[in-house]
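Chains: A, B, C and D, in written order; residue numbering restarts at 1 for each.
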């Protein structure tokens, strides 16, 4: 693999880690969802980079396109669910959702 | 050249692609139809569930047609279509038939229990159908992209269905947890896919092993090689996503909460269908990675690792179920445990497939996948039966706790007998289907144990867990049969239709245990399907 | 042919009481008026009476068939005329067959092994049969009178108390008594007829259970059921030894049969007695290298295994066989150290004591020792002799101080059984069995007399409350006197000696001959001799106590009366036999009949030291000291009787004073040498302790292991907070608490906090990654 | 009757009865009882018919039925009968019939009770008649369901605990057996005969024409241990016995009869039908353990019985003690180191026969004892041994019959218990004198606890417990049950040849094939050693 690839991959990895940390630490549901987006985009960076530097070729681009679309759809559904949560709990603090446990 | 490409594409699509995809198309069409109906207010005249049933039946019919084609052709085939995105073989057809049948049964259950009401029905069924399409895609995925799409497609509607009881706090909480967890897992998986696809330079699952060999050619095929290491990391991250779908420990946390928050019908659907799809995907993924001698050692280790995860999952599921009072939650843990049992089959398959004796073990490997499929088939009926009973009882007692089942035998024997059969089958006691399924899995684990000693541990864990599981299952039986019905619990007067419904499920569970035609037929088809999925690596 | 005929008659005699039992128990229970009918009794008497006639007939047929050769061969004991023939030779003269054996039916066949019910008929069998049926008939008739107060709907048992202090009232159980008696007769006759040692064991147990039923006849009395249990369990201890003997026997000989099965003059199945070959010195044939005992065929040729090696059995195992079988005899015949059950067995009705616990069942031990004699090696015989010697002395001393009339007789029985054992042990085979027969007559007579006394005194058994009954019940008193004289062994002119004189004389003579040959064992002569005196003493003490002197309890005396004829006639018959049955002594018919089938190696007059360092006295040696021994014994008996007369027949000495002077000894004896307490402390208490431990172990340890696994898991999972919250009833609580607690602690993981869940994804990934890179190949 | 039909009819007739009962009105108690009893009686008659068609001189299986069942897994519907299973089949149908009569005392949910009861009978008969390992296992586990409910619903105060304990133990045994089953299946090549018990047995002794492969000697040991634990739990042998006292005590009387009379025999039958012939080397390897466990069970059970104050518990522990003889009889297999031949094979044959006889005898006597405890329990509703007494006077007929049955348990000659015990013990010295002596000492303890119990219950001056007024004489129904059992006890005790003749050719064949199996395994081991 060419050396330049590694720097892209590093960016992707940083995005990924940031996203994961965001998901695990944010109490606000919207913040959590943003973390998800970061993770997905970290992967997207990888795809695009790979498509450029490896035999993956155009497939990588297609991958990232699909991911972007899916991320939007998923975000829509997630936001709807957050809204629903807000309707019931009057908060979007994910820590308040702790009735279901054990 | 472009026209040639286009022509090929059109031929590929129209020639067989559309037929192969007909079940999914039927479902998609039904979704559109249902949504249109509400738009046009036709749903006041024609209840939505009828359209849904027709759609599901059509999908079932198409799947069955494909199935009949395959059986009639007598030769095992495996072709990719839609530009290599999906794969058509007996394995995927098996899942289509399986999922359509399950869809029909679920719709019937929702009709009987009255969830959802007429207003929400198109939405609900759309979600249901969407999720089913996703699961079918998972089972026939031939590309890492389809792997991700399938998972997402199955997951996203599921998030909504879990939160479908809109006014309920628990429901919204469950769906929030599910969506966040699911999204997180999907993200992790996607990152893993990017690594795998990138390093190996292809998205085609069937090529993975070959590419891995090429990648590893320079150095050794161990983890010392940085590229192999990256692939291994990627595979592991993909596994995290699948583990989430399969609710394997330690990625199972969503499962009890989501099941408790969701209605029993949805929980039943999720417990069986999404698991089925995920297992289909897992098998394809694992097969795609296998079959190359250079990586055999690595993949055997992977198989053993899956076996360890299976042990942990089963044990965890069974133990955690002990103290549950909410039946849905209890069954959620039971689902986790059963995922562990089924994972044992995959582990066994991996170990056998990557041993140097693999050519001699052909049948055994088929049978390990066959056992998994058989298990899924039986699991469909027994788990759905159990959830159906819970849903029906809930409709009268407005309660899903084990206490509301006390002394139920005095009021509705049909429900109790069904529950009894399902539970005995879940424990794995003959002559019910669950026993046969479990036997097949143990058998393949035993055979794998001839190759790698660690599988003996898996076998022992499976055996011990059978006994662990006894306690909490029997608690349900005890409540239903051995205790008096408390005075303050509302009676459960069961209408005939509902009784028939559950009894049919119970009868199926029982017949899958000893009716020779059924057991023979299903197990041989399952084995054939197991064979079919291996065709891509020349198995 | 003769064998078949004999078998036919004896089988009738044997099975009739069984039929009687079935009829009595069924008709007794289902007839309209079971409480008042004597039908059961007459049925029982009829069965056993016909049985007697059949046995007598069989005896006649047997005698005619061999032309009474055994009686003619009066001088057959001449030294040197016996060629040392192997084992138990069939007859003393070749042309006369005296022993017949064969198969009744098969219990099971396992390859070459076969377990059957056989018959073995020789002179001993026939004499025993006749004796048992005769005595049993008399006792049955006697019991009709004795048990007649059971003929009521409302029997008041004065010895059994209810919790409110009253007496137990119950319907009479006349028919049941006779049913049990019939069953006993069946079992006893089966024991005598048995043609193999296994069959002996079967009937051995059956007589035991009949004894259990009869001792516990008054089930309402705690003492009775205790005594019954004690009797059975004590016997079982002996049977344990018996069983070990059987096991060894079976393993090494592969057969249980006594005699050879002969078809057309060919031995088709070899019996035990011919498998152990004896040489001229009475020693068994042994392998010269290993020292093991060789197993031979009828003609003394060594048998071989399939692989061609000689069949043999280690000598010590032959000793084990003998000791094992003898252990059974010890239990059954109440020999030391298992003697304690017999006195307690007196809880049964007196006819039972007369039949079961004096004349027949307890003598079965002696009978078996005699029957199995050919298999006994010298060490075993010496053990038998010493056991008998200890027993006869021990029991006699206790009898001296016993006050219950039946207990005196019971100890006397033990003591006399000891004599018989001694006789057999010192090679006086015929003497021991001779005494068995005579003792059966006079002891059953005395028991019946005591029964008559008890009946006449309205169930008073304590001698201190009797006295002066001589003219109140003269027949009883004088028949009893005959019995007392007989057991004491008194001599009368004109050969009218009491039977006991002959038989005891024979035993003492054997003992004397034995110690002449083996001076080291002189106790085997001195103690019996001394005890002969003690016997006379306690017997006359009993007689004087009961029948002469002043009445000590006026109430008892006033109401005493002679018994009705059904009771006195049997007394008279038995008295006649007790006096004269041994007429002629060792030239008399009874003795000759008995010795007709004496194991041949006894006759050889050998004094060379044998395997156990024992010198065998032969017939001639015994004969030589016969007169001396007789004199000594008579002197001892007479002095014993004289002392008894002085102490109890006259008033010259104050008995109480003596008793006080010898308080320690008296207490020791009155407490039966403390055997009961000893056994209680040694066996009963530990057994119950062990039992309690086992039960505790089961509940506490096994279940605790499961529960304990639980506990340990709880300790492991210390982070478990909510364990106690979950109370799930039933089993889960108990056995599953292990897994449950783990399950409960798993709940803690499932916190319900979303962020933690996501955190777990991260942790999971990292953990898996770490695991992968540390364990997977590099 | 055509054997194909006959065997299947015997197995499934009770199940058919259960099906018919399911459609009856649950209030028609009299009809339900009558139909259930009718089906058990017909089944019993059919087993007698089976006996009539049975040929004594055939050493192997007779009336073999072989039908396809689950072809993909080479599972067949194989039935057959030989001298080892026939007596147990007859015992099962007889005890079931008597237990059905005894079930009149059941006083709630009659319909469910009799349905489960009949299903249980089907399961038991199925185990005894099946020749396919898989089928065997299926029937084995089928018994679990009815038994769980029969104890759990109709049992005593601690019924739930007892029921689940029973469930747990049986399931553990079942799982172990399942693993062993897989071992046999795959190591014999997963062919059509790989679940065939007969062919597997032949393969183990090297005489099979269809199966060439089987377990290696070392694997035989593993398989034997797995199977043995599975069967020992049912037997039950120390230390797997603790389910038994609880289950027996809590179960209703008829179910206790079946538990003791039939279910325990399944363990012994499993050993003799499956564990022994399929792994002869394993059996030989573990023989000493078998005998030692048997001996220990005898002594331990007897001591534990001695300490009980609950009448039924006492009888339950007596079962532990009595079934110990079965293990001894089966295990007394001694092979000469030098020759590789069985020493005194006839002794071992006798042990096996004795063990089989002991199973039947115990089936009769313990069923009888449990029934007798049940009779008195129905009247006074307690089982405290210290609160009985004087029943001999109050219920003379009952006490007489009970004495007979208890004596049968005590091992009194002339009754069935004696023959089995004594034959087993007699065969034991050849194997190990020490163990034989300890086993023989059981006779003392047995006499101790049985007589002591009888004394406390039947003798004594008066009844000491509650409900004295309810003590009524035994009724005709109870008399029938007890009478039949006692009659069987006497017949078997006096003419044991009836059974021995039935078993002889089969047990001899077993001994021969075990010897062959050992030789084959020894040869294999030698080869391995030579290769090294």
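Rule of thumb we're sticking to: a residue touches a chain if its C-beta (ideal position, glycine included) is under 8 Å from a C-beta of that chain, and two chains touch if they have at least 3 such contacts.
Nothing here was measured: the structure is a model prediction, and the numbers come from that model.
For subunit C, the chain whose average C-alpha position is most distant is A. Two chain pairs are in question, A-C and B-D; the one with more C-beta pairs in contact is B-D. Chain geometry summary: the mean Cα position of subunit A and that of subunit C are 95 Å apart. Distance between chain centres (mean CA atoms), subunit A to subunit D: 65 Å. A separation of 43 Å divides the Cα centre of subunit B from that of subunit D. For the pair subunit A and subunit B, the distance between mean C-alpha positions equals 25 Å. For subunit D, residues touching at least two other chains, in rising order: 160, 164, 168.
For subunit B, residues that reach two or more other chains under the stated contact definition are 176-177, 180, 184, 188, 256-257, 323, 471, 474, 478. Taken residue by residue, subunit A touches two or more other chains at 20, 23, 32, 94, 97-102, whereas all remaining positions touch fewer. Residue ranges of subunit A in contact with subunit B, taken from their complex: 1, 12, 16, 19-20, 23, 29, 32-33, 35-36, 39-40, 42-44, 46-47, 49-50, 54-56, 59-60, 62-63, 66-67, 70, 73-74, 77-78, 80-82, 84-85, 87-89, 94, 97-102.
Across the complex, subunit A is touched by residues 144-145, 148-149, 152, 156, 159-160, 163, 166-170, 172-177, 179-180, 183-184, 186-188, 190-191, 193-195, 197-199, 201-203, 227, 256-257, 260-261, 323-324, 329 of subunit B.
The touching residues of subunit A, counted against subunit C in their complex, run 20, 23-27, 32, 94-95, 97-102. In the complex of the two chains, the subunit D residues touching subunit C come out as 160-161, 164-165, 168, 239, 242, 245, 300, 303-308, 339, 344-347, 349-350, 353, 390, 392-393, 396-397, 400, 407, 412-414, 418-419, 422-423, 425-430, 433, 436-437, 440-441, 443-445, 447-449, 451-452, 455, 458-462, 464, 495-497, 500, 504, 508. Interface residues of subunit D, counted against subunit B in their complex, comprise 68-73, 137-138, 141-142, 144-145, 148-149, 152-153, 159-160, 163-164, 167-168, 171-172, 174-176, 178-179, 182-183, 185-186, 190.
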